[in-house]
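These are the structures in question, set out in turn.
What follows is subunit A paired twice: with subunit B in the first complex and subunit C in the second.
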Partner chain A sequence: MNTGWKTIVRGAAILVVSLAAALPAAARDVPADPLKSVMWADMAERFLAGGDIVFDQRVRVMAPRSAEDQFFVPVTVDATRLPGVTEIVVLADLNPIPKVLAYRPVDAEAFIAFQIKVEQATVVRAAARTADGIWHVGGTHVDAAGGGCSSPAMAHGQANWMATLGQTRARVWRETRDVARMTVRMRHPMDTGLADGIPAFYLSDLEVSNGTGRPLASIDIYEPVSENPTFTLKPRIGADTAELDVEARDTEANEFAYSLPVPDPKVAN
Partner chain B sequence: MKLRSLLLATAGAALLSATALSGVRAEGVTIDDIVKDQSTPADVVSYGIGPRGQRFSPLETLNKNNVKNLTPAWAFSFGGEKQRGQENQPLIKDGVMYVTGSYSRMWAVDAKTGDEIWQYDARLPEGILPCCDVINRGAAILGDKVYFVTLDAKIVALDAKTGKTIWRKKIGDYEAGYSATAAPLIVPSESHGPLIVTGNSGGEFGIVGEVQARNPDTGELVWTRPVIEGHMGTLNGKESTMTGTKNESWPGDMWKNGGGATWLGGTYDPDTKLIYMGTGNPAPWNSHLRPGDNKWTSSRIAIDPESGEIKWGFQTTPHDGWDFDGVNEFVSFDMQKDGQTVKAGATADRNGFFYVLDRTNGKFISATPFVKNITWAKGIDENGRPIYNDDNRPGDPAEAADGKKGKSIFAVPSFLGGKNWMPIAYSQKTSMFYVPSNEWGMDIWNEPVTYKKGAAYLGAGFTIKPIFDDHIGSLKAIDPATGEIKWEYKNKAPLWGGVLTTAGGLVFTGTPEGYLMAFDDETGDVLWKFNTGTGIVGSPVTWEQDGEQWVAVVAGWGGAVPLWGGEVAKAVKDINQGGTVWAFKLPKQMAAN
Partner chain C sequence: MSSFPGKPRLNYNRRQALGIGLAGCACVVCGSANAATLDYGLKAEEIAPGTFGVFGEREYFTFANGGNIVNTAFIAVPDGVVVVDTGPSKRYGEQLKALIDHTLPGKRILRVYNTHHHPDHFLGNQAFERAAIAAPQKVIDNIEAEGDAFADNMYRLVGDWMRGTAPVSPGTAIDTDGEDVGGRNFTFFRLSGHTSADFAVRDDETGLLFSGDVAFLDRAPTTPHADLARWREAINTLQSADIATVVPGHGPADPAGRSFIQTRDWLDWLDGTLRDAVSRGLTENEAMEIPLPARFAALNVAPGEYRRSVVHFWTRLEDELLPEIEVDRK
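And now, the complex of A and B:
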């Protein structure tokens, strides 16, 4: 019996040591969630690696209080009042696949709008990471009837849906002299893999550059983004920028490219 | 494109940090590993256990005395409701098994525990046209990528660590009937570096058989070689040469939809530096519509990987009228005959004859029947050409009173062949080939038909019948030097799985009844068997792991037999579907005897 206990104690000691070694430094303090989501601790651990976490009202998440259509819940994330944002991670806590997207505004405002599918009532949150590594978190609660992630896409009602895959509609406006607002929509079923017999198949990467190859913004996209994803971004452009290039790729390595003209600053919108 | 370079840079950075953490350099599979696969039993990095396709392992830990102790170690279910034929062969590298399944799926599985690492499901479009079940025959691996082909006639490169798609390219137009199921072949070349080589499927839809070679890093085409006379090949994006001479062996425009699908992929011989591809049936099946030899259908062709040029061709069934779809694998081996070593290759054709050719130039050496009661030919002449039995060709519908249905005949073998897709094995220990064959015949008649894109292009009706009461399947040991059949194992249901043989004196194959079986390579005695719970139509492999010898096979009934098998289907109607990898090992403590 003695030996047995010793082994267990030694085992526990090794476990503690190895756990400590795996952590970068002291365990971080994860603040309590003002939205009181039961998934918050898990979300923080899985998707907000390293860096301290603060809840910050400068990260605004706008979404309907109640989802009229659980397949297309509009979400706007505006962190433009927070300086130095390098990445925005969007999460829907109670979705079967919680990670919605990660947005890197390389040379763009910390602003992104899109639509998501929700499987049930959930907190939708955005974590904006600043250059110092700190996650600034904001969020809101969306009530929903459910089923948005596990129903087949509308596209599959038509046998030839693949023929229009990646078809793009986009437009750009000048908001100010240096900032543009662009909306891009690409045809894609955004299959989550949760509908019966339909494997996951979704647009996974989108990048915007300024026409001469300089990257302005990029998005890692995941399953919860709605069918035919539509993104609104605010890239920073110069007066001489005449074109924005959008390049995207899906999980089957299909590649889509689209160029859109930027209006001349001298001509009023 | 910029996005791609960004993605590659990210992947590179991730790889760098992963290796920095683990302290192990990720080496991946080199082209040398593939060429020498047969002599490195700790892994299986090619379809056929070496590019020659001998399916011979030098391992002898597991032998005739101790095979009775072969024990299940783990089983891995493919899951889902998509349980159809599992005709594939697993690959194993660095403790990971890569295995493909029905409906264009692939898994990476821990080869020691059976734990899943990742799963990839191809998103197939509606309207794919696979002729003979939704099967896949296996993957290829090179560097940090694994490759396989999908039912919508695409080839996909996946990250071996994550299963994420790196690139995906079109082999053919699925709406015109193109499909793909064979394991890709990776070969060395001096001019282009390693190439990934694929065939195509769709011989029932009037497609044109073709061989394509690509850059494995990017998926870009290096060369293409259509196998039907009259079509142009390409090299480095430009037209290269025409295959043969237009209309030399085809009348009118029939060559344009002439078939010859290269649906079983190919083998490669490092000695001759040639790719060997089999080519399928001419289209349509009704041979009266296409007088002539119809080259290169129902043939073996040798292709130079540097240029994509055909170095030689050998047609097993010229002017095929029975769907003797001669794609069967051409296995290189060195034959001892009359005190000389002959650089030979052998193939067990759909038409029921076992051919031995000189693999350097395609010269005919011998052909002997490996199934009984062949009716369509009286034999094979000294040049390798069949001596046809003219009465045994389905009659011309144009000569029928109503012009709609030609005279029906009973031919042996059936269109499913003396041997179908399931690969043979060659033992370097016994110098014998082990051939999974089937004894059956068919009623077949011809009908008029015209080509229509995406529609079946047969012009024939048929029904298959057994020719013996007690068996259809027949595993045979054949001496290639004499054609003599040394032993035979009879199986009630048709055999549809591949064969493996080892230096330990064993021959493995699976049966539709569900048994993985081990035979004595010299006598054919059954030494061990295990019921996997569903029919086996896959190809077993063996490898060494942690000092123990392992054997794995994928079980899951399906393939062409239940879809096309006529009266034969009755004999297999009680076999249930499945989809499971079974891994067995000989535990160390039981290896002694």
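And now, the complex of A and C:
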């Protein structure tokens, strides 16, 4: 009997030790995807490093239910109801290149709008990371005809497209006393590298500062962003902010810099 | 328009094939289409002596309606029959032809007009003799350039109803202002604006105008290939013509010219709303949430068509309305 008791104790001890070993200390409990995308677990593992993950309705992803044009699917991410956002990562689960962009609203509202290419119907999601490291995820489903990522850009139908690279149209509005709204539209083919014989070539970085060099916003841009990309951001400004400076760069190390006038608050917009 | 020349003509077939999106039009349901038997349940409605409209649903393309969202028509002329548009599929074309044979037994189809190259208006061409199908050369060119992509997309949107459908371009190019067909004179209006080539036909005997999609009634206009300034001119041209009743591309027959007023009102509102939205810095998604005026509540599928139109016009308007900025290149 004595021996039997010892055996049980020893067995239990081994069991406890084995269980502990089987569970990595840092394992995350990735919640089930309310949009039921088959790629969700993969998206979380590849693109949302560390930190807990929660689905959060305060991260609003606006996109049409059905894409009218798979080369230009408009997306607006509004996480302004979530305090303390340090980064927003945007993903299109079923794109061959899922990561769309990473936005750091250094001194800006957690808000960004842009257009993306989609290769097929997909979930489009935004993960907003707060200062405590938690990813707050929102998303929506977009139906679409196929092929948005693997077809040549329109630019390649024109002989002189290189000559117009980086041409920019842009404007700044004063939205409130402390917040501007800026839209920039830059001419760039945004080649994904997935169209026959056309290597990847895309605008990869865009940074906004306040005119005295203080950074306000920064975007890491990836292949799925649409040709001639348009971004709308909401940097924070003061009454005396007279201009916003933009610096952008592409994967061939072309650099583009420009200044945008901010309307005087007394004659705003 | 300066630095961005709008959407250039595409040179790539694959891109063409893919880039059409939901182009085309929309309406349907009389509840008569039967998706199980693929029977559109087409009905001929006599709208003038010997003139029959086949009115589609005022809907989007769906698996339930099989793409029958469009109006087609046929006219008994002294020596035969004239047909205007052929519907969204081979099956529709065949059923339209059967309806014509049943309604006007023993009469030969002398002429088939295609009003423009959107898929719901010409993909039934297979059922008719190619040489009898006629349209202006530019309509033929558009069908030949984009027909395959339209057909592909229609398979995606309505499924099995499309089985066997392939685009057939008209065999006869129209370059006159009218013609006599089987003892009846028809006047032609070669227009643009809804697409780059729109074609309207008046039967000079009855004064009926088959407007194609230059005019919609009680169904929101579609804009995937629209040029609004030209479209307004096209409406003016038709409005000042001598006509009795309009048979719009979508919606009921219109003896009062209401389709012209309503279509122009929609286009003006759309243009003004989108210009204002871009000028205020709204995002496309924010612009899609702008509520529609109450007067458009009676237009079928208006909210959906408005959201599609935002996409159709947005980048063009950004190129036009956002100021160009001097860029320092390094």
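In this section, the second predicted complex is superposed on the first by the 243 of 269 C-alpha atoms of A that agree within 3 Å, B and C clash if a C-alpha of one lies under 4 Å from a C-alpha of the other, contacts with A are read in each partner's own complex, and residues count from 1 in each chain.
FYI, a residue touches a chain if its C-beta (ideal position, glycine included) is under 8 Å from a C-beta of that chain, and two chains touch if they have at least 3 such contacts.
Just so we're clear, the structure is a prediction, and the values are computed from it rather than from any experiment.
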item	value
When subunit B and subunit C are modelled together on subunit A, clash or fit	fit
Which of subunit B and subunit C A:191 touches, first, second, both or neither	first
Subunit B versus subunit C as contact partner of A:225, first or second or both or neither	neither
Contacts of A:173 with subunit B and subunit C, given as first, second, both or neither	second
Dominant contact partner of subunit A by residue count, subunit C or subunit B	C
First, second, both or neither for A:207, with subunit B first and subunit C second	first
Which of subunit B and subunit C A:88 touches, first, second, both or neither	neither
Partner chain in contact with A:255 - subunit B first, subunit C second, else both or neither	both
Overlay on chain A, subunit C to subunit B nearest C-alpha distance, Å	9
Overlap of the subunit B and subunit C footprints on subunit A, listed as residue numbers	254-255, 257
Subunit B residues touching subunit A - in the complex, by the definition given at the top	1-4, 6-7, 80-82, 121-123, 125-127, 156, 164-168
Of all residues in subunit A, those that touch subunit B in their complex	159-162, 191, 193, 197-201, 205, 207, 209, 213, 215, 218, 247-249, 251-255, 257
Subunit A partner contacts - residues on subunit C that touch it in the complex	3-4, 7-12, 14-15, 17-22, 153, 156, 224, 280-281, 283-286, 288, 307-308, 310-312, 314-315, 318-319, 322-330
Residues of subunit A defined as touching subunit C within the complex	62-64, 66-72, 74-76, 113, 115, 145-148, 151-152, 154, 156-158, 164, 166-171, 173, 175, 181-183, 185, 187, 228, 230, 232, 254-258, 260
